[in-house]
Amino acid sequence: MKHEEWKKISRIMSKRSLWMVHFCTGCGAMEMPPVMTSRYDMERFGIFAMATPRQADVFLVTGYLAVKTLKRVVQVYEQMRDPKYVIGFGSCTINGGMYWDSYNTIKDLSKYIPVDVYIAGCMPRPEAIIDSFLKLMDMIDKGEAIGWQKYRKYYDQYKRNQKMAFEYRLDEVKPIKEDDKNES
Amino acid sequence: MMKEYELFIGPNHPGVTGNMSYHLWAEGDKITRAETRVGYLHRGFEKLMEKRIWMQNVPLVCRICVPEPDVNEAAYSMAVEDLMGWEIPERAKYIRTIILEMARLSAHLLAVGGVAAALGIYTAAQWGIGDRDYLLDIFEQITGARVYHIYIWPGGVRWDLPKNAKELILKVLDYLEKRMPLYDDLIMHNKVFLRRSVGVGIVPKDKAIEWGVTGPNLRAAGYQLDFRRLEPYAAYDKIDFEVPYYPKLGDYEVLSDGSDIYTRTAIRMLEMQQSIRIIRQALKDMPEGDVLVKENKANKWFGWKVPAGYAYSRVESSKGEFGYFVVSDGGKKPVRVHVRGPSYTHGINVMETIARGMNIADFSPTAISLDVCPPDIER
Amino acid sequence: MVMEIVDILEKILILAGMVTLGFAIGMLFNGIARKVSARIQNRVGPPVYQGFIDVFKLFGKKTNISHGWIFDLAALFSVSGIALAFLFLPVAGYSMLSTDGDLFLILYLLAIPALGFALGAGASGNPNAAVGVMRALMSMLAYELPLVMVMVAMMVYYNTTSLANIVAAQANMQWAFFIPIFFIGALVADMALQGMLMEKPFDIPIAPHEIATGPMVEFGGKHLGALMLYKMMGTVVETTLFVDLFLGGGVVLSVAQYGWLAYLVNFAVWFVLILIVFLIAVMIDNVLPRFRIEQALKFYWKYDALIAIFILIWIFAGVKI
Amino acid sequence: MKAKELFPDAQELRKGRVRIELDKEQITDALKKLKENGYTHFVMLSCVDWIKEGKFELVYHMWSYEYKEHVMLSVKINRDGEDVVSNRELFPQIETYEREIHEMFGVNFVGNPRLGEFILEGWPHMPPMRKDFDTEKFVKDLYYKIPEVNEE
Amino acid sequence: MLTEVLVSLLAGVFLVLALNKYPRVAGVVAFIISLLPFMAVLAWAGTMGITVPSYLKFFTLETSLTYNLGPGVIHLAITPLGWFFLMLLASVFPLTVMFANSFVKRNAGGFYAAMLLTMFGSFGLLLSQDILSFFIFWEIMSWSIFALVLRGHDRRAIVSYLAFGSLSAMLILFGFMMLYYKTNTFLFADMHLTATPLTLAALSLLVAGFAVKGALMPMHAWAPHAYSRSEEPFVAFLSGGLSKLGFFGIILFMYGVVGMSVISSWGTFRGVPWFGYALAVIGAFTAFAGTVLAVMQDDLRKLLAYSSIGQLGYIAIGIGIGTPLAMTGALFQALNHTFFKAVLFLAAGAVFYRTGKWKISELGGLGYKMPFTFLAALFAIFALAAIPITSGFAAKWLLYEAAIQKKFLFVTPIMLIAGVGAFLYAFKILYGVFLGEPRYDVKEAPLSQLIPMWLLVLPLVIFLVIPGWFVDITAPILRGYGMQPIQHTLFSINTGLATYNTLAVIFGMLGGLLVAFILYKWKKQEVVPHIDNYLAGEPPELYEHIGMHASSKYFEPFDEVFGPIFKKGAERGWEIVLSAAEILGTGARKIYTGIVGDYSIYVLLFFIILVGWWLLW
């Protein structure tokens, strides 16, 4: 068989078996039990919650992230093995949502770790969650879910952003564009 | 050389409810020390509420406790009503009762399923959460949302129940009542479950009140104390219901000295039956009329000023006493809103104390049977 | 000389084929178990071929982590050990290597993957894994007592320690299951099987709520894939062991009489029987919580072993020397 | 004995809600007295920042299951770093509340060994629940200025 | 030439004592002398029907020798049984001496002297053909062991060894007296015993006496203390080699002197003589209790000591059953135990040498730091746990088969469960010492410690592949007792109940490993440091230190279940037995002052009495 065909099969396999980390990062985790259990039954699609990041493929960031949690999220994300995917769940991961002016929650998840799929809403319905997984499967099939490659490629930038948030350091925060201009 | 090893139960761990962490030091099979680590969900609610006008805070408060958001709305509304001196319409009181009891039902289904799952009966959790979804459907019909309802407002409830609400609710209640014996067979009469739960995870009875234990956990320790009775709110003073407590466990056998995982679970099962009974009565007795006080109707979009003063309101949630301490200086925004979550004591000082000497296998079931919910600790 | 080489090659091919079949059935069983659990839990459940997908995906992970060469040993030992144990079992009365070994060998071969797995778990240095391994070893100690008691009774009864001979002695539907004393023995062994298969109430070693899947915490990617292969094959090996002991290995037609048709029918019967045995375990798994480890030990050593002792006494009194 | 009888200057806010203003020094004795007189349930300890007065108001909430009465013991202290004696011996949960208030307002409780990081982690700024901490400005200065990841 | 060997062994004792000031030199000298017994084994190999290449034959030895010493005559001769046990001892001995070279620092000359004296005693013991010389050499061996135990400076070890050593000597002495009374001859060959109660009593006393050295319950109480408080090279030799001498004695007197026909005539139960049945039951109990107690230990040496007791119990089972199958199994188990337990004790010594810790709960993570020590220990542990990729399995398997053949319905499950229990403590060693959190930054053990370990592993591999060879080696012994060796080819053994083919296992395992290896090499991997671990998401850099080694009280649930039964039971039982031992052996317990000087006076007195008694005879 050709390399391409192998790749295709491998993609089909990995899209049909998405194991997610059992990490309730925010209040969105409340809609996970219904999605996983008898009403919506995510296991139909081969989606299963796994205890540890080593075993998992998908990280469902369920809702707002306090900075303290972000540290754990980054730790867990880095412990997951490639290929790994992130789904940003709820408005809070997109722009802070309800907590746009909270001093302790980050506002845009994609600044800290690459996000493949976002689900809008507060909180999103189970159908939306399943839809997002189907979308992710579609993206894996087409080879578009490349968040994990992005994390490797722009590792320095992600690390810098994480550090800024972790340390709550106001003085070091400068828009990157200005830096670029100064250098050039 | 440290002989103990450290175990982290959470935040990324199946044995913890929500985003919190127990840091355990253990030797062999026994825990020697435990520390609860919280703050993973800290959003600074109380700070945000000081920045928002009184009405804007209603959508915020419900996010404090996810499994049972309505108690927050109710408690906050009651505190504001207290300061404003509003007396809410009779119909609104009944609707609040129905909503709060439905929330209790759904939270208890989750909690009982959680305890069963922590001990290994995943089937019970699957059934419980599946059945809970029917309640969420009704919430959706009534309020428009599955989880965050924002239905109970200062001055009453947001809008009246839909016309078919009564039939819908009764249908689900009938269904749930039919399911209860199945849960009993699967969980409460399961010999292996009894082996794991009887006499395990004991909160000392004589210390229970001093440690600030409330809710079903306190009743499992042998006190018939329920804020629905002690300080009736909504329509609870007009409704006939029982407060199950140890050793009056109804159909369930008394197998231990109480205050263990088994008794707490039994109390929750009994409370579900009572909730069904309360909702039935409330539906029957509910009068017609307004559901919102006129003052709020007129001013809701502009925000009212609340007279200066202190108010503390409490609601008996499925986990225990949910209290709101509201301070106003007479302005459009609160000066201080302080939330007392029941898990604040259950999750931190109670768990840290009773964990000492506990088997690591029993730790997670105990924490889940105390129904520790982290967001109401750190808010 | 050439014929010999061809013979050896043919044998190796058959062995490789059988091992592949074993792994395939194991993966299928994983899917079936999940499907059945799902139905009990009012769900639809994953497709039955989900096991294949999961294993393939795990081996397809782009990067893997390891905690050093001792950690890697786990993967190697668990897969090869369980495959070896499978080869020494008579499957549907068909002996692959089982004439070269016996029940004791199979019991000890089953320890190779377990110890290898434990080695890897220990090398990961995670306390959860260490506690999990402790529980796994202790539950092994617990369920082996009633199991070996029944096995010893059978060995003495049939006067052989070779599983192939025990299967042969049960030909013509003279299954041990139909002998009253061994019917009780089968019940005892079925409880032990529950522990062997790590199904509730004896899934103590991997209790996710307590120790986050125990020994597996640090396993991911291909390591977890190898481990899953071991577990899946383990279900086949252990249920086959049970079927061989009590249900005559599923032999209903004699090969001498019916030729290849007998092979076909026997394989089908064997498959159905191990599936039934496995599904009983899965169904019990779905309605019971898990014991604590010392409770499991007491259960096996008190109640299960008591019945087994009764069987031993029976055989002791009944067998003439 | 009811709170009204123990503290004659208690002010009844409404039925079942009593507020008592005390000096800082009296608080331990008052808590003890109430605990002995049936106010066995310590509800919570909260802190209000009266920035205009320059005071923090510590409010100790207690509840009596016997009299069905809620007592708020209110103590005002200076905002600028006045120490308070810890009452963790009386009720274990006071320790937790003191940890939180220490972190969120910067009130120092003498005798509580577990003060320190509780909810926040590595927080270098002013305690966030103080009124003079402007969360909106902070957010705009920090989170909104963290750059997007530049994909080039 | 035999005289020269014996004399040079004895001379070596004094030579190394003289070299006390130069421990390294003394070590080398001792090592050279310690090779003598092994050379003797090679020289005698021809008489056992084993062909040894001529370049390995350093000298030729006469097969029998008689010394006429005044009142008594010492008869020495090599027998198959003696040769087999001599082979075990002689192969372990030089390696332990070699290990000691870097390990023993304090008063090394004395250590080597006592070791050589022990070997001298054992050498003579295995050759002796009469009661007299047997007893003399037995006492030389016992007391030189006592000298080595003394070096541990542990009161309990010294007292218990002294008590049990004396008890054993007394029992053996009484047994010999009875035998002599009955037959009026010293020579084994001349004793033609009949089935009388006196013979039974004599044999029982002898077996009880030898059981002390073989650490059979209830005569084991000295072993855990002596094993755990002495220097490792000696303990490796004691546990690996010297403990077998007890079984040598039991086999010699049960089957050689008394004989199967006499034992059987006392009555049989289900085809097994009562006497053997009882021994087998004691063995099974020892195997089980030793295993259970081993699981509960935290001290690495104590664990290994109890494990020794458990493993030696299997040998007793085999001897008790007494069929050719069982005897082969027992001898095979003796061989395995010799090597794997020596490896384990030496590995423990190497670990101590590098870390200075004995407690399992204080060790950890040495597998990556000391990989060769770990691999040797791993292999030994596989042998101990009877995993079929070492020769350990064949021995246990033979014993199981023998038990099933004789329909031991209750003993077999106990043996099997003790085997499973071995997994438990085996993993406790593996995890507690070698796996888990790396706590020490140490180097690999020195070469002088690694070489002995790896050389000792070798036989475990050889006899895995060719168990048939072992059956050949033991065939003369069995024939000597009128038993037929079991059916075998080079690679497979047939017991009549089943066949065990090592080639199938080895090639199956290798094939499986190959396939697994290919599967495993399919994808690349990176090695992460230990701290990059699942901590439920907590970043490790936030914590100064995270204790992740769970080895303290590792099998706590097990301890909780079995502890009350075994620990307390053993202790309480021991008070009774110990007091009995005191009355029987050395009189009231108050004699034990705990002062070493006093004990040496007792020893001297004992010797004087002994010699006087001998001269009077």
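Chains here go by letter, A, B, C, D and E, matching the order in which they are written, and residues are numbered from 1 within each.
Going forward, contacts are C-beta pairs under 8 Å (C-beta built on N, C-alpha and C of every residue); 3 or more make two chains touch, one makes a residue touch a chain.
Here the structure is a predicted model, which means the values were calculated and not measured.
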{"item": "Each chain counted as touching subunit B and subunit D at once", "value": "A"}
{"item": "Minimal step count in the chain contact network, subunit A to subunit D", "value": "1"}
{"item": "Maximum inter-chain contact count - chain pair", "value": "C-E"}
{"item": "Chain closest to the assembly centre - both centres taken as Cα means", "value": "C"}
{"item": "Remotest chain, subunit D as reference, centres from CA atoms", "value": "E"}
{"item": "Maximum centroid distance from subunit B, chain identifier (CA atoms)", "value": "E"}
{"item": "Geometric centre distance via CA averages, subunit C-subunit A, whole Å", "value": "39"}
{"item": "Geometric centre distance via CA averages, subunit D-subunit C, whole Å", "value": "60"}
{"item": "Separation of subunit C from subunit E, taking each centre as the mean of its C-alpha atoms, in whole Å", "value": "35"}
{"item": "Interchain centroid distance [CA atoms averaged], subunit B/subunit C, Å", "value": "45"}
{"item": "Multi-partner residues of subunit D (each touching 2 or more other chains)", "value": "119-121, 128, 133, 135-136"}
{"item": "Residues of subunit C whose C-beta touches two or more other chains", "value": "41-43, 60-65, 127-128, 130-131, 208, 212-213, 217-218, 221, 292-293"}
{"item": "Of all residues in subunit B, the ones touching two or more other chains", "value": "5-6, 11-14, 26, 29, 39, 42, 44, 47-48, 51, 126-127, 130"}
{"item": "Chains grouped in pairs wherever the two touch, ordered by label", "value": "A-B, A-C, A-D, A-E, B-C, B-D, B-E, C-E"}
{"item": "Sites on subunit C touched by subunit B in the complex", "value": "37, 40-43, 127-128, 130-131, 200-201, 203-204, 207-213, 286-293, 295"}
{"item": "Residues of subunit A touching subunit E in the complex", "value": "23, 52-54, 71-76, 79"}
{"item": "Subunit C residues within the subunit A interface of the complex", "value": "34, 38, 41-47, 50, 53-54, 56-57, 60-65, 208, 212-213, 216-221, 224"}
{"item": "Residue ranges of subunit E in contact with subunit A within the complex", "value": "532, 534, 537-539, 542"}
{"item": "Sites on subunit E touched by subunit C in the complex", "value": "270-271, 365, 367-368, 374, 378, 382, 385-389, 393, 396-397, 400-401, 404, 407, 409-410, 412-413, 416-417, 419-421, 423-424, 426-427, 430-431, 434-438, 492, 495, 497-501, 503-505, 508-509, 511-513, 515-517, 519-520, 522-528, 530, 532-534, 536, 548-551, 554-555, 557-558, 560-561"}
